[in-house]
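In the part that follows, the structures are each spelled out as structure tokens.
In what follows, subunit A forms one complex with subunit B and a second complex with subunit C.
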Partner chain A sequence: MKILCVCGLGQGTSLILRMNVENVLKDMGVSADVEHMDVSSASGTSADFIITNNELAQSLQGHAAKIIIVNNYFDLEEIKNSLQEAL
Partner chain B sequence: MKFLESGLIALDVEAPDAAAAIRAAGGLLVDAGAAESGYVDAMVASYEEKGPYFVLAPHIALPHAKPEDGVREASVALARLKQPVVFGHAKNDPVLLVFALGASSSEEHIALLRRLTSLLNNPAHVEQLKSASSTQEIEELLKQVN
Partner chain C sequence: MDVIFWIATNIFGTPAILLGFIVLLGLLLQKKSTSQVISGTFKAIIGFLIIGAGAGVIVSSLSVFEPMWKEVFGLEASSLGQFMGQEAFNSKFGSAVTLSMFLGFLINVLLARFTRFKYIYLTGHMMFWTSTVFAGIAVHTAGGEASFWKLLIMLSVILGLYWTFQPAVTQPYMRKITGNNNIALGHTSASVALLGAWLGQLFGNKENDSEKLKVPKGLEFLRDPNVITALSMGTLFLIGAIILSFKDTPGATALIAQAGDQNFIIYAIIQSLTFAGGIAIVLMGVRMFIGELVPAFNGIATRLVPGAIPALDSPVVYPYAPNAVILGFLGAFAGAILWLVVLGATVSYIFVPTMIVLFFHGATAGVFGNATGGVRGALLGGFMTATVVAWGQFIMVRYLISSTVPDTAMWAADSDMFILGPIIRFLSQLFF
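Our next item is the complex of A and B:
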């Protein structure tokens, strides 16, 4: 399973999101290939799921991946709930 | 690597709008020698072009640009605003804590983000940052968090 964590530049907020997503997946006992990148790279990368925020989700509408929206990148509960719903 | 060292925390910062808030936080990195003034311009330009995607949690913003825009050392500074400012994020406005990130392509970058994530993953820490009455209080809090 491939998951992309996406932000505007690809090295700050997406990396934080990735760290927290990896922690949550570990707790859930789910293994996945998690990467982080910016929006433009994400549009050209195939994946099963894309995790990002509301603002950037709009630009990724046409992507084949299922888009999961997280609003608070530091809220492990929110990340866990969103992942559980989607997976 | 400079993670919220004493010259990098400012409280009661006045900023009329988001760009000013970003400049205030970015200015702390420049004053500490961790970034060049061009990096601050790039941080503001990034906000103007890509929007407030870096307001990644309620009331918390992490503006940044690319290492090649003028970072000398991986670093994080905090400017706590006197009055919260709207950045235009549908869910997480208004912003009170502005963490300027001096992005780097080195391993220090990851270590820095891990420390920041540990700090901000905990809602109690976030509350303390919002209500601390002095930079010393914040420095004490940081000593307790790894």
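Our next item is the complex of A and C:
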């Protein structure tokens, strides 16, 4: 399973999201390949899931991956709930 | 002795390999699987090498942009003289830069462990650019040569202090914006964010909060830095090319001749997109190695510092005031255009209005300005960002870093680096 964590520039924020997602997945006992990147690169990268915020999700409409929306990248509870719902 | 010399030259003296070892160590400490260790180490090394390649692309495009606007303003002197350039600088001083990032981070962790400043700086890409630019200033001040150990010690201490206290300085406003004390700002936009907050307090109207505004839909593309870079640089290249097409000066003729058979305006537009492409390459390289480094840093910090507050990249504040983000950027954009003209006409400097810096810093200053002064605070914060970035870039490229990495300073150096630049120069004069 491949998951992309996406922010505008693909540098800092998406990396923090990736670390939090990896932690949550570990707690859930799910193994996945998690990458972080910018919104332009993500639109051309295949994946099973994309995790991003509401604004950027609109730029990724039509992507084959299922898009999971997380608005607070630092809220482990929100990440966990969204992931449990989607997986 | 031969063995030590060999190791010093080929491992510590080859930044990509040194970085590979640091990342390898970090991945092993995190007890990652064998395949993760191997792929992570290689990705970090490749990423670091990509940066140099992308920097070359940016320079090739800037070396059209700069003379073109010089001709537009009818200037004689070039902003760029002889300089080392990012790739050569990396291969010569990259080891000191990489190690000082690591040691600076350890100083940050120790300060957080033993003082009341619990902030851990986790914005890896800004750590890299800050280290690079400060090293560029130090080496320039030292006359192009600097001893590895002196450079390493000076940079590590300065960076360790900066990474600990920058989040502390912005935290009172961060509490106001986020409503809690869980996260801090760890970003080089701190100085303009503070300026935004102060100006908002002085001249703003807190009641007129930006979030009461209705921002038109269809501005989503503003969230993609590749697009805003291409769009704004494209516009500037286009304007420059059109003006030049009507000029008969020898400089203009020579530049137009560079396009060969291609129409000069099309050539200029391709150059602007090449600039955006170069930045995308560099960012991809930075992402590849920072992505392996920061989780290791995070692992170290959470183990050693109980109650650590992560200091994070500037977009953490954007969800708290999305309209202020747009207003801050608009203020910064207007300021950038104004200062482009003023700097060209008065001090003969061609300002490169680097959109990534203007967007992320303007937006952060916008959110801080809105917190104290509403819409007016957000716009003022953005405008002040452009002011610091434009004048800062002029001073840094021309006086502080001109022989080392002015090519990087023209698009990747930003607010805090410009504010601290003269101090770094002063300290380097004392130290070297």
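Simple rule for what comes next: the second predicted complex is superposed on the first by the 87 of 87 C-alpha atoms of A that agree within 3 Å, B and C clash if a C-alpha of one lies under 4 Å from a C-alpha of the other, contacts with A are read in each partner's own complex, and residues count from 1 in each chain.
Quick note on the criterion: a contact is a pair of C-beta atoms (placed from the backbone, for glycine too) under 8 Å apart; a residue touches a chain by one contact, two chains touch by 3 or more.
As the structure is a prediction and not an experimental result, all values here were calculated from the model.
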Checklist entry - Between subunit B (first) and subunit C (second), which, if any, makes contact with A:Met37: first, second, both or neither? => result second
Next on the checklist: Tell me the contact category for A:Gln61 with respect to subunit B and subunit C: first, second, both or neither.
Outcome noted: neither
Item to check | Superposed model, subunit A: greater residue contact from subunit B or subunit C | outcome: C
Next on the checklist: Output check: A:Asn71 vs subunit B and subunit C. Expected answer is one of first, second, both, neither. What do you get?
Outcome noted: both
Checklist entry - After superposition on the shared chain, which partner residues are touched by A:Asn53: those of subunit B (first), subunit C (second), both, or neither? => result both
Next on the checklist: According to the stated criteria, A:Asn20 is in contact with first (subunit B), second (subunit C), both, or neither; which is it?
Outcome noted: first
Next on the checklist: Quick check on the superposed pair: does A:Leu9 touch subunit B, subunit C, both, or neither? Answer first, second, both or neither.
Outcome noted: both
Checklist entry - Between subunit B and subunit C, which residues of subunit A are contacted by each of them? => result 7-9, 11-13, 15-16, 19, 53, 55-56, 71-74
Next on the checklist: List the residues on subunit A that touch subunit B in their complex, please.
Outcome noted: 7-9, 11-13, 15-17, 19-20, 53-56, 71-76
Next on the checklist: Which stretch or stretches of subunit B touch subunit A in the complex?
Outcome noted: 46, 50-54, 56-58, 60, 62, 64-66, 89-92, 101, 103, 109-110, 113-114, 116-117, 120-121, 126
Next on the checklist: Show me the residue ranges of subunit C that touch subunit A in the complex, using the header's touch definition.
Outcome noted: 122-126, 182-183, 187, 220-221, 223-227, 280, 283-284, 286-287, 290-291, 294-295, 298, 310, 312-316, 319, 322, 356, 360
Item to check | Residues of subunit A defined as touching subunit C within the complex | outcome: 7-13, 15-16, 18-19, 22, 35-41, 53, 55-56, 58-59, 71-74
